[in-house]
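Since the structure comes first, as C-alpha cells, the remarks are kept for the end.
To keep things simple, chains are lettered A, B, C, D, E and F as they appear, and every chain counts its residues starting from 1.
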Amino acid sequence: MIRNSILILLIAGMAWILFQEFSAYHGADKLNSISEYYAKNAPTETGAANLVTAIVVTYRGFDTLGEVTILFLTAAIIGFMISTGKKTDRKPEQSNSELLETASNVLLPILILVGVYIFINGHLTPGGGFLGGAVLASAIILWLMSATGPKISHALLEVTEAFSGFGFVILGVLGIVLAGGFLDNKILHLGTFGTLLSAGAIPVIYSLIGLKVGAELSKIIIVLNQTQGEEK
Amino acid sequence: MKFKGIFVVFVMLLAIWLVLNNTLQMAPLLIGAGVSLLLSVVLCTKCSVFNDIRLTPKTFYYTLVYLGVFIVELVKSNFDIAMRVLNPALPINPGIIKAETILKSKMARLILANSITLTPGTFTIDIKENILYIHCVHIDGDNTEKYAQSIVRKFEKYLEVLYG
Amino acid sequence: MVNILLSIALGIIVISFILVIVRFMLGDTVVDRVVALDVLTVSSIGLIVMLAHFFGRVIYIDVSIVYGILSFIGVIVIAKFLAKSL
Amino acid sequence: MKYFNIEYISMATGLFLFLVGLWGIISQKNIIKIIISFSVLDTSIHLILVSIGYIRNKTAPIIDGVVSKTDAATKIVDPLPQALVLTAIVIGVGVTALMLTYALRMYSENKTLEINKYKSLKW
Amino acid sequence: MMYSLIIIVMSLIMLVMAFMAIHHKNLQVAVIASGIISLFASVIYIFLAAPDVAITEASIGSALTVVIFFYVLNKIRQSDDTK
Amino acid sequence: MEYLEIIGAIVTLIGAMFILFAGIGLLRMPDIYNRIQAGTKASTLGSMLTLLGIGLIHPDWLLKIVLLIIFILISNPVSSHVLGRAAHFIKVPLSSRTAVDKLAEDEDRVTQSK
C-alpha cells in the first residue's frame, strides 16, 4: 500500500514537471539557425535531395558510426549469451503450408529487391540504410519461416558484416584524405541534382550501412531462431 | 528448363525496379539489371515455381479473361457479404467444405487459392495435395460437394490453360 | 468537390479504426486480435495513400509499399508462433 | 485555440504515453512487461522529438517537384530531429533485443519471469 | 482542423492500447498492443511531415520488434514445455 | 480531367465504405473464421479501391499504385490463410451455427487410422 502510494506520488510529480514543460512550449513558425543552414546549403554541398539523409550520412556521420557500432556490439552480445545452450532439434508441430512456401518463393526476390531499392535511393526518397537493412532482415525472416532455397550461411553473414563495416570506415578516412573531412561525400563526383548518381558517395555509404544493419539484425534473428530451448 | 525460371524472375524484378524508380535513365537501369540478375541466379536455381508457366500468345489473352472473371467475382461477392453483415438478422450458414482440384503446378494452386481467399464468403483454410478445404460463410443448398466444386471450377478452367 | 469526398472517406476510415479497436479489446482469443492488427495495417495503407493526395507528395507512396510488406511478415510469424511451429 | 494544432496534440500524446510507460516500468513485476513498457516509453520519446521539429503548414524535407532547391528554407519542417529519431529507433530495437536476451537468460537461470523471485540481486 | 480530430482519435486509441499493453494478463496480447501503438505513431509521423521516421518506425517498431518479442516468448514456452 | 478526378474520389469513397464494412463485420461475426472472412477480405478490397481512386486522381502515380495493388493481392490472402490454418490447428472453436466441418473429420480419420 505504502509502495503504491509512493509510486503514485512519483508519477504525479513527473506529470507536474512535464505539464510545466508542455505549457511553456510554443510552436516555432520558422526554422532555427542551424536547420536553416542545413536547408539552404545541404542540397548544393552534398547533392542529396533528402535533407534527412544529408544530415545522417555527412553532417552527423560520426553519430551513424557510433550507432552502427552499438548495433554490432548488441548482436555480438546476444550471440554470446544465447549460444551457450545445447542445440536440440525439435520438430515443429504443424508442417508448413504449401501455399506459404510457394508464396515465399515468389515474394523473397521482390522483398530483397525492395530493400536494395530503398537503400540505394536513400538520398532521393524516404528510407535509407537503416530501413533497407530492416527490410533485408524481414526477407531473412521469411526465408527462415518457409525453409525454401539454399541455406543461409553464417560465414556469408559475417563476411558481409565485416566487409561493410570496414568499407564504411575506409570511406570515412578517404573523406579526410581527399576531401574536407571524415565521411565527406565529395570524394566522388556530384552528378546532376535529382538523379540516382547525384550525391557523390552517399549511395555507396548508405548501401554499406544497409548491408551492415541488415546483416546484424538477421544475425540477432537467426540466433534467436536456431538454438531451440536450452537444456541442461 | 532452369533458364526459363531465371528469365521470368529476371524480367519481373527488372520491371518492378523500373516502376519503383520511375525513370529510364542509364545508371538506374544498369544497377537494376545487375541486382536483378544476381538475385534471380542466386535465389531461383533451385526453385521450380516459375518453370511451369506457358509463354505463348494465348497466355496473355487468357490472363486478361481470368482477370476479368476474377474482378467480377470479387465485386459481386463483396457486395453479397456486405449485405449479410449489414442485415440485422445476420443470415449466415458457415461450414468447412472439401473440393478437389485438377491443377498440378504449385504456382497455379497458389493463384487458385488466393483467388478463392480474395472472394469474400470463401477462404482456403488448408491444402493437402490436391484437396482444398474451404471455409464458407454461407453454404447454398444442401449438396455441399456440388457447391464446393462450383466454387473451384469457376477459376480452374482458365488456370488450366495457363499452367497445365 | 474532390477534397470533400476524400475528407468523408478519411473520416470513415478513422471510424472503422475505432470499430476494429473495440474488437481488439473484446477479442475472445489471441487470433481475433491478430486479425484486428492485420485489418488495421491494411486499412492504414489506404489512409496513407489518401494523405499522399492531401499533402501532394508522391514520396508517401513509398511508405505504403513498406507497410504492405511488413504486415505480411508480422502476421505470419505470429501465426506460426500460435501453431507452436516457430 | 492554441492547443488544437496537431503538434500540440501529438506532443501531449507523447507526454501521456511517457507517463504510462514510466508507470509500467516501476509498477510491473513481470520482466517481459517491463520491457514492453520500455518500448512504449521509447515510442513516446520519438513522438515528442518529432513533434518539436514540426512547423505548421510546412512539408517534408525532401526536395522534388513540390519543393525546389532555392525556397527549401521557407517550405520545409526541421530535418534535424527527424535525423536524430531515425538513428534512435534503430538503436531502440537493438537495446530491446538485448534486454530480451537478458530476460531469457534470467528465465533459464531462475525458471520464473517474476522479478521479485530473482534472489541473486538482493542484498 | 480535420487533421486535429483524426489525430485526437488516434491518440486516444494509442493511450488505450498503452494501458492494455501494461495491464493485460496475456503477454502475447500485450506485445500486439505495443505493436499497434507503433503503427499509429507512424501514421502520426506522416501527419507531422516526417516520412523517413514514419517508414522506419513502421518497419522496425511495428514489425521487427514484435517479431523479436515473439521469438523470445517462443523460447520461454519451449523451455517451459521441457521442464 | 475533371470527370476522372470525381470518378476517382467516388471510387475512394466506396473503398472507405468497404473498410467500414470490414470493421462492422469484425464486430458482428460469431467466430474467428467468419471474422477473418469479413475482416481481411473486405479491408483488402477497400484499400485496393482506395489506392485505385487516388491513382485515378493522379494518373502519374498510377504505376506505383498498381505495383502496390499486385503486392497486396499476392501477400494478403496468404497471410490470412496461414492465420486461419493456425487457428484451426490449435482448435479455436467454430461457432454453433456451423453446418459442416470436413477438415476436422478428415484429420480425425487420419489420427484414428494411425
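Here is the rule we use: contacts are C-beta pairs under 8 Å (C-beta built on N, C-alpha and C of every residue); 3 or more make two chains touch, one makes a residue touch a chain.
Remember, it's a predicted structure, so these values are computed and weren't measured experimentally.
K.L.:
Starting at chain C, how many touch steps does it take at minimum to reach chain F?
P.N.:
The least step count works out to 1.
K.L.:
Among all chains, whose Cα centre is located farthest from the one for chain D?
P.N.:
For chain D, the chain whose C-alpha mean is farthest off is B.
K.L.:
Taking each chain's centre as the mean of its Cα atoms, which chain lies farthest from chain E?
P.N.:
B
K.L.:
Out of every possible chain pairing, which has the most C-beta contacts?
P.N.:
Highest contact count belongs to chains C-F.
K.L.:
Roughly how far is chain B from chain E, going centre to centre by Cα mean, in whole Å?
P.N.:
31
K.L.:
How far is the middle of chain C from the middle of chain D, if each middle is the mean of its Cα atoms, in Å?
P.N.:
Computed value for the inter-centroid distance: 21 Å.
K.L.:
Averaging over Cα atoms per chain, report the distance between chain A and chain D in Å.
P.N.:
Each chain's C-alpha centroid was found; their separation is 16 Å.
K.L.:
By the touch rule stated above, which residues of chain B touch at least two different other chains?
P.N.:
Touching at least two other chains: 16, 20, 110, 113-114, 124, 126.
K.L.:
Find every residue in chain A that makes contact with two or more other chains and list them.
P.N.:
If we look for residues of chain A contacting two or more partner chains, we find 50, 52, 93-94, 97, 99-100, 103, 106-107, 110, 114, 125-128, 130-131, 134-135, 138, 141, 217, 220, 225, 230.
K.L.:
If I count partner chains per residue in chain E, which residues reach a count of at least 2?
P.N.:
Chain E, residues with two or more chain partners: 47, 49, 51-52, 54-56, 59-60, 63-64, 67-68, 71-73, 75, 79.
K.L.:
Chain C touches which residues of chain E in the complex?
P.N.:
Listed in rising order, the residues of chain E that touch chain C are 2, 6, 9-10, 13, 16-17, 20, 26, 28-29, 32-33, 35-36, 39, 43, 46-47, 49, 51, 54-55, 58-59, 62-63, 66-67, 70-71, 73-74, 77.
K.L.:
Give every residue of chain D touching chain E within the complex, in rising order.
P.N.:
Touching chain E: residues 4-7, 9-10, 12-13, 16-17, 20-21, 23-24, 28, 30, 32-33, 36-37, 39-40, 43, 46-47, 50-51, 53-54, 58-62, 76-77, 82, 85-86, 89-90, 92-93, 96-97, 100-101, 103-104, 107-108, 111, 113 of chain D.
K.L.:
Which bits of chain B are touching chain F when the two form their complex?
P.N.:
16, 19-20, 22, 74, 78, 81-82, 85-86, 90, 92-98, 110, 113-114, 117-121, 123-126, 133, 135, 137, 139, 144
K.L.:
Quick check on the complex: what are the chain C residues that touch chain F?
P.N.:
Residues 1-2, 5-6, 8-10, 12-13, 15-20, 22-23, 28-29, 31-32, 34-36, 38-39, 42-43, 45-46, 49-50, 52-53, 58, 61, 64-65, 68-69, 71-72, 75-76, 78-80, 82-84.
K.L.:
Mind listing the chain A positions that touch chain F in their complex?
P.N.:
93-94, 97, 99-100, 103, 106-107, 110
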